[in-house]
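Going in written order, the chains are labelled A, B and C, and every chain counts its residues from 1.
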Amino acid sequence: MLSKETYDQIIAILFVAREPVTLRQFQEVFPALPELELVQNLSECMSEFNSLQGAVQLRQIAGGYRITTRPEHHELIREYLKTRASAKLSLAALETLAVIAYRQPITLPEIMDIRSVRGTSTIRTLLEKKLIETRGRKKEVGRPILYGTTQEFLVHFGLNDLSELPTLEEFAEIFETGDTLHLSAPESPPVSSHTTPDGDGSLPANVPSPE
Amino acid sequence: MLSKETYDQIIAILFVAREPVTLRQFQEVFPALPELELVQNLSECMSEFNSLQGAVQLRQIAGGYRITTRPEHHELIREYLKTRASAKLSLAALETLAVIAYRQPITLPEIMDIRSVRGTSTIRTLLEKKLIETRGRKKEVGRPILYGTTQEFLVHFGLNDLSELPTLEEFAEIFETGDTLHLSAPESPPVSSHTTPDGDGSLPANVPSPE
Amino acid sequence: MNSDPETYKVRLEIFEGPLDLLLHLIRQQEIDIHDIPIAKITDQYLNYLQMMKDLNISVAGEFLHMAATLIYIKSRTLLPPDPVASGQEESEDPRRELVEQLIEHEKFKKAAHMLYEKETVELASWPTGLNEFEEEEKETVVVTLFDLVSAFHRIVERYKEQVVMDVHHESVTLEEKLAEIRCLLKVQAQFFFSFFLQHRISRLHLVVTFLALLELVRLKEVRLFQKAPHDDIRIVAC
């Protein structure tokens, strides 16, 4: 079905792309291919590429296709790029982001209510990093600005779309079954060796397997 | 001779490299490998990669190794480059657009006055991108042309109408940096390596271990 | 609760908000979240705030607000059941709202942790992307509405600074203004005073401009018209 030529062409495009390449973009580049065939080609392309390549992987991210290196090589790549571990979002910023991701569109007062925290520095960070954006205004007194997550949010967390996020109810179930995650247990081991996989190259349990 | 692991690692590095990777750079990343073995590995890597890949090729360029697309795909790649959303603006264009958006209708001299920058190239860019349009002439000496934002502008920024533009006052709180509204202990645990620049009490210590 | 400051020091942690602190107290003691011993937790919460104050650490308003809420709930649980309400459905648990809030909060904490793990993986995966076609990329940014407001904010801030500087550096003479206005009159037989206001000019400039106009009136070179007080002034060449 998928010709060697089309395969090579798709990979060549993905290879130069800096952002996930959407189906619409592929359609523009391959106007002769019917949409259905194109989708099939892309899916075949993905499985073939991933079975061949151990260094990189072809993934569906933010509604597009993208080649990234596999996480297991991160230490070596960092060594080459001479970069330190990239700055991660603070827990506060992640919590704010979680509230926005699950309750979007949402206003600033609503976010602060849920988190029981005043202060806007996390919002600023998220806006600057383009992980969230404004989404018009809420039709209520004062017409407050609404916020929602962006494409960049999907890219940053390796999601294809928002439906890939587990539901909040799924988190609640863990809670009810008494799976006690000691979220702020003072006895928890030192951070550095533990929460970042940088130390030994091991990754958290739920590393998403490349589709 | 060349292990699958080393092969993958070399390719992964070449995939993220922005310039040809020199032997010296590889030596730094693989300090355990003797130089001769490394050179052999690289050469084997090159022939293996090139026999597998039709889309891209591994070449020796400018005293280093580099993956590039094959020339036969260049036209297609240019097609792809054209499809990328032209939502990008230079900083100067963004500033001009901001002045127009918030002070429309406005004349060129007024824009230049506020921005304290001469030059009309940003106006041309914005007109070309259809983010701004002319709005007749101002009734004053010289009858200068007035500019305002377009429908396309609203679409680009996801606004229903101009009243949805956030006011400076609304973001005043967010523009203020370093609001320290949190309880913070002076003897706080050494999480400094993880604190993000937003300084909002980053606390990965509380992230439960995934195990 | 132990009031020995040495013990507290070990336990000191940063809590971003009152719900974080409450969850910590509940989790630490493995209390059933659906049946919180409100009196005990309230005391511990207040002790913690007191300790922060003793250490001269500022306590944010929302922590005090939560303290008030806790004290209120505690007082309601201590009251005997309302005899009027007893005939109806059993009176509502005063802790209910707080418990729901805590459960909701913990869900988001878990969601944040899930994001943290995903981020960790993604930060270990580098995107590829060639620079052979890099010349196409200039120094550009994908702009969001926030960028737009930020840009305007920057301009306004910059503008404020400039206005201050102008006042110090600028000097303008009556002769210069006279020449300027005469020049203007050659191009256009009449214009409005507001024309001068559209171009950002300092107070000094404005005063000199006005003096120049008066001088031109005296010299019978222009006539000024104003329909009403505070209305725009029309300047017409004689």
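Keep this in mind: a contact is a pair of C-beta atoms (placed from the backbone, for glycine too) under 8 Å apart; a residue touches a chain by one contact, two chains touch by 3 or more.
Small disclaimer: the values here were computed from a predicted structure and weren't measured.
Trainee: Specify the contact topology among the chains shown, as one of line, ring, star, complete or other.
Mentor: Its topology is that of a complete graph.
Trainee: Comparing centres built from CA atoms, which chain ends up most distant from subunit A?
Mentor: C
Trainee: What is the distance, in whole Å, between the centres of subunit A and subunit B, each centre taken as the mean of its C-alpha atoms?
Mentor: 16
Trainee: Can you compute the centre-to-centre distance for subunit B and subunit C, using the mean CA position of each chain? Integer Å is fine.
Mentor: Spacing between the chain centres: roughly 26 Å.
Trainee: List the centre-to-centre spacing of subunit A and subunit C in whole Å, with centres computed as mean CA coordinates.
Mentor: Taking the mean C-alpha position of each chain, the two centres sit 28 Å apart.
Trainee: Find every residue in subunit A that makes contact with two or more other chains and list them.
Mentor: In subunit A, residues 15-17, 56, 67, 69-70, 77, 88-89, 91-92, 117-118, 127, 133-134, 181-185, 195-196, 204, 206 touch at least two other chains, as defined above.
Trainee: Hunt down the residues of subunit C that sit against at least two other chains at once, touch-wise.
Mentor: 13, 15-17, 60-62, 113, 116-117, 126-128, 130, 132-133, 142, 144-146
Trainee: Mind pulling up the subunit A residues that touch subunit B in the complex?
Mentor: Within the complex, subunit A contacts subunit B at residues 4, 7-13, 15-17, 19, 21, 24-25, 28-29, 52-56, 67, 69-70, 73, 76-77, 79-81, 87-93, 117-125, 127, 133-137, 145, 181-185, 188-189, 191-192, 194-196, 204-206.
Trainee: Residues of subunit C touching subunit A in their complex?
Mentor: The touching residues are 10-11, 13, 15-20, 23-24, 27-28, 30, 60-62, 66, 101, 103-130, 132-133, 137, 142, 144-146.
Trainee: Which residues, counting only subunit B, touch subunit A once they are in their complex?
Mentor: Touch residues, subunit B against subunit A: 4, 7-13, 15-17, 21, 25, 28-29, 52-56, 67, 69-70, 73, 76-77, 79-84, 158-160, 164, 166, 170, 173-179, 181-182, 189-191, 193-211.
Trainee: Spell out the residues on subunit A that touch subunit C in their complex, using ranges where they run on.
Mentor: Of all residues in subunit A, those touching subunit C are 14-18, 56-57, 66-71, 74, 77, 85-86, 88-89, 91-92, 94-95, 97-99, 101-102, 114-118, 127-128, 130, 133-134, 150, 155-159, 165-166, 168, 171-172, 174-175, 180-186, 195-197, 203-204, 206-208.
Trainee: Hey, which residues of subunit C end up touching subunit B in the complex?
Mentor: Residues 9, 12-17, 21, 52, 55, 57-63, 113, 116-117, 126-128, 130-133, 136, 138-156, 158-159, 162, 184, 187-188, 191-192, 195, 198-200 of subunit C touch subunit B in their complex.
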